[in-house]
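Below: a set of structures, written as structure tokens.
Across the two complexes that follow, chain A remains constant while its partner is chain B and subsequently chain C.
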Partner chain A sequence: MMQRIAVRYYRPLILLSLLVLFLLVVLHVAAGSVVISPFDVIAALFNRPVAPYERIIVWDLRLPRALIALVAGAMFGLAGAILQSIMRNPLAEPEMTGATSGAVLFAVLWLSEAGRQLDQPGLLLPFVALPGGLAGGCLVYLLGGAGKSATSRLVLTGVLISAVLRSATSIILLLRQEALGAVLLWLIGSLNGRVWPHWDVLWPWAIVALPSGLACAGLANVLQLGDASATGLGLRVGWTRLSLFFIATLLTAGAVAVVGGITFLGLIAPHIARRVVGADARRLFPFSMLMGAGILLAADTITQTIAQPVTIPVGAALVLLGAPYFLFLIWRRST
Partner chain B sequence: MKAPPVSAWRGRRAPILLLIAGCGVLLAGIALLSLLCGTPQLSPPDLWRIINGGGSALARVVVLQLRLPRLALAMLAGAMLSLSGTMLQDALRNALAGPELLGVSAGATVVVAAITILHLAVIFSAIPWLALAGALTGGSIVLLAARRTQDAARLVLTGAALSALLNASVIVFMSLGSQNDISVLFLFLVGSLANRTWQHVYLVLPWAAIGIPLALLCARPLNVLSLGDDVARGLGLPVTSARLLILVLGAALVAAVVAVCGPISFIALLAPHLARRISKTTDARAILPCAALIGAILLSGADLFARMAFAPQELPVGVWTTLVGGPFLLLLLRRRLGARRGEP
Partner chain C sequence: MNRYPSNASDHKAALAAEALAVGYGERLVIPALSLQIELGTITALVGPNGSGKSTLLRALARLIAPRSGAVYLDGRAIASLPTREVARHLAVLPQGPETPEELTVGELVEQGRYPHAGPLRMLREQDHAAITEALAQSNLLELRHRRLDSLSGGERQRAWIALALAQATPVLLLDEPTTFLDVSHQLEVLTLIQQLNRSQGKTIILVLHDLNQAARFAGRMIVLHQGRIVADGSPRDVLTTDLLAQVFQVQAHIISHPADGLPVCLPYATI
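The block that comes next holds the complex of A and B.
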């Protein structure tokens, strides 16, 4: 019932979600150790006269963080939707491609070798993390035999390879224990201290990867029919799956490079989106993207405010919410 | 995984005994090496003198108070982990059912981590019991959620989700706690044998003394269970309760190890597979002792490596077992995973 309405009024639904996202951004900017009224936030965003300190807080401190949450969330949401459709397994998530753990491994390697602190913007970091993510993705793809068939073997390979990459990360961290505290929060994903330079790193990846992911929705629809039908319809299944996998890895690696190893967002967002708009990838992909952005923004707003002076890393909060949801999903699927 | 008929077992008894003897010799060699290596480096005559009550005071302390308990713990833990892995794999008829992938280790770890980080006042000898409660909770969450226990992918996914949940809750603890605890806890979370003394061995010993013989007694029901539920029921085995008992015993073995050493991954997964490969049988009566020996060899060998590889510095053994064990397991299971295509 709900799904039919959502499909019928799809365009208004998207417009409504965009409006909600805008409100979430305003709320995210308004919340924090200094609470600014949402009207002042909107006034500052549209260059109306407000108190100078509010202007500085809004523009220089909180807006980049909100934008990064918005875009990174969208990237995770889209990556998850793509992976779930190409693996034809609704339980797949970006971490299973090895992209997350590969990017984390390279980033940690870089940080320990170059002796840098994460508190610095680390402009080069994403350029280091990205090849790591791609390498992790390729490793899982090749060992998992995804070219031939996309099934449980890919999932198992992904989980095992991720475990191995994580333990390699642990070795580096343990060899250089002085950097441990700073990196640990990054391992699970956090938005603390993200400023404009981080945004400058994120948006080029987003501009390339998000539209190309959305453009592949039609192909993903054909893939979902199964390998035999897709081949019958004239699709080169192996190539299509490889390119979609590559786009998903690109999205994951780019986002991980800036916000750290956030997991389960790429699993929850497509799931909720599928319940609302159905399995058609042309509707699912954009909506899952918006969903991811909304969830990350909301989660970050909550984690920032809930336990004031301390801020819980948003990645930890997402896992605490996401893992039980995942267990519930798997339990319900097997009934 | 089919148990061969009894006659086949009779015929293969000699090679299996030979295999067990070979493993024993290998284990003795590793034990000797890990008593000798390190700082100070000892020679076999030195060791002989120490055993007979002589030798320098320093060497005596190092061997008797540091290396020997650590070695004993490594052997016990390795044997217990791999027995538990064998039991879980056979009872669930799933090649990837190891305690680390079933949430059993994760459940035990979160309890021990909470005790460590929140500085809860708990009697030392009560920790394994609490860990057992955690292990059983974790294991039953995963088994209840996955239900179809023979589907490897589903089980692994569920276990991975539970482990992620554990890590996240520990990190939440840590971001609320002080920075000093972080490195200690991180060392504990990957599983290590460093700085373990006789006290730790005594903590594990009763669990091992009761658990290991009980596990070896489980061979017959395991063989029957691996024929499939219907056949097992036809042969007169109360399937559900037998499986439940075996799982609880497996969880107990793991819980005792986790309480002392932390979650050491992939020993429990690898040792049974290696045992099956080498002995070329799936008969639990042969596999259980072989797997226990191989587990002891793997863990004490890995610990020797962890101690010596970056000599003055030492990396926890759990990191190495994952780093080497993961790819090795993939390699071992390549054919089996390939055969599972077509499942959701």
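The block that comes next holds the complex of A and C.
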């Protein structure tokens, strides 16, 4: 029923979601150790006169963080929706591409060697993590997708490669415990201390990968009918699946590089979206994207507000919220 | 017994196979098979389990690549044609297609326009017309906005047939379209297929398990046994006690149906 209403009023729903996202950005910028009135935030954003310190806080300190949450959340949401569609498995998530564990491994390797001589390794971290994420994704892609790719083979390869890369990360962390402190927040996934240079790493990826993913919705629709039907409809199944997998890897690698190993977001956002707008990828993909952005923004606003002055990494908060939901999904599927 | 001599250049053939060899892995299911399907006919592929009837259908629909030999669609080798172009001439309903949860009937049937509309998929007027027509033919207009997982088995099967109809192809291949349906839904699906053949002249090839249904709805029956065609012709010619004994290993009586005189087999013992 809810789905039918959402389908009929899809455009108003999208407009409403965009409005909610804007309000979430405003609240996100308003929250923090110094609380700024949301009206002042809006005034500052639209270049109306406000107190100079508020203007600095809004533009220099908090806006990049809010924009990063918005875009990274959208990337996780879309990556998850793409993977769940092409794997035909509602439990698929971006970590399965190997991009998350690849990015984490590269970051840890770099921090334990070259990075620890730097004052602010956090600024350079994305540049190291990004190739790591791509390398992890390519590894899964080559081992799991070379030649004729079966869905299960890609899934299993992704899970295995991620496990191997994660254990390699653990070993390095145990050998080089001093690197742990610098990288811990990033491992869990956090938006703390994200500033404009981070945004400059993120947006070029988003501008390429988000539209590519959205443009593939029609292909994903055909693909989710199963390999035989999709072939009968004239789709080059193997090639299409690998292309979509590659786009999901780009999205994941880009987002992880900037905000760290956030899990569950790419699982939950598409799930909620599917409940609301159904399985048609032309609605599911954009709405998952908006859902991912909204959830990450809201979660980060909450972690910044409830635990002042201690900052909880948003990744941990998401897992705390996400794990029970995950259990609920498994429980519902098995009954 | 083969009354259809192999000749790939014959323009009457909607679909033809030439020296087709098909297998999975080590196992060769069909060693060498040739056949021609004439335009505007209904052909039933029958045979015991493992006889290669589904494999043949899948090869004809280019869902599996043959080891050797070729399939010709309107006289052109199917392997040399772009797959989307093939999909504009030939639709296939695979056996027991997996149903994506949460998809509605309308959304499923819409995918049938993929070969016509392309990957970016702005549906044009003729696409919407074809979708509505496919839904109307399969008697699904009222269920258009229902989710697939809320339908009965018969309705779901009709939805998949509607998907193939939305493809608007002259040739339609169906792999056991009546499996898992009760007897009235089986007849409903087969009657729909017959109507499509009669009103639109669609060329239809279907794999059927039930010999009597094949005899009732198909003009031509092809019997496969161990990957070879062992009988080919009208149901009256094909359905004999000898054939049932040799191929299906059953003793049976063949009688005429009281309603229309079509042959009906009544097996009573295994051999």
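We take it that the second predicted complex is superposed on the first by the 308 of 335 C-alpha atoms of A that agree within 3 Å, B and C clash if a C-alpha of one lies under 4 Å from a C-alpha of the other, contacts with A are read in each partner's own complex, and residues count from 1 in each chain.
Here is the rule we go by: contacts are C-beta pairs under 8 Å (C-beta built on N, C-alpha and C of every residue); 3 or more make two chains touch, one makes a residue touch a chain.
These numbers were taken from a predicted model, which means no experiment stands behind them.
Under the clash rule set out above, the superposition-derived model of chain A with chain B and chain C shows the two partners fitting side by side.
When the two complexes are overlaid on their common chain A, residue A:160 makes contact with chain B while staying clear of chain C.
Of the two partner chains placed by the overlay, only chain C lies in contact with A:274; chain B stays clear of it. Residue contacts after overlaying the shared chain place A:195 against neither chain B nor chain C.
Of the two partner chains placed by the overlay, neither chain B nor chain C lies in contact with A:298. By the touch criterion defined above, A:264 reaches chain B but does not reach chain C.
Of the two partner chains placed around the shared chain by superposition, chain C is the only one that A:233 touches, whereas chain B remains out of contact.
Looking at the superposition, the partner that touches the larger set of chain A residues, chain B or chain C, turns out to be B.
Using the contact criterion defined above for the overlaid structures, shared-chain residue A:218 touches chain C, although it does not reach chain B.
Taken over all C-alpha pairs, chain B and chain C come no nearer than 10 Å in the superposed arrangement. Taken together, the two complexes place residues 88 of chain A in contact with chain B and also with chain C. For chain A in complex with chain B, the residues that touch the partner chain are 88-89, 91, 143, 145, 149, 151-153, 155-157, 159-161, 163-164, 166-168, 170-171, 173-175, 177, 180-181, 184-185, 188, 263-264, 307, 310-313, 315-317, 319-320, 323-324, 326-328, 330-331, 334-335.
Residue ranges on chain A touching chain C, taken from their complex, read 3-4, 7, 88, 90, 215-216, 218-219, 221-222, 224-226, 228-229, 231-236, 274, 278-280, 282.
Interface residues of chain B, counted against chain A in their complex, comprise 96, 141, 144-148, 151-154, 156-158, 160-162, 164-165, 167-169, 171-172, 174-176, 179, 182-183, 186-187, 190, 265, 310, 313, 315-316, 318-319, 322-323, 326-327, 329-330, 333, 337-338, 340-344.
The part of chain C that touches chain A in the complex is made up of residues 58, 61-63, 82-88, 91-94, 97-98, 100-104, 107-108, 111-112, 114-115, 119-121, 145, 147, 160, 163-164, 167.
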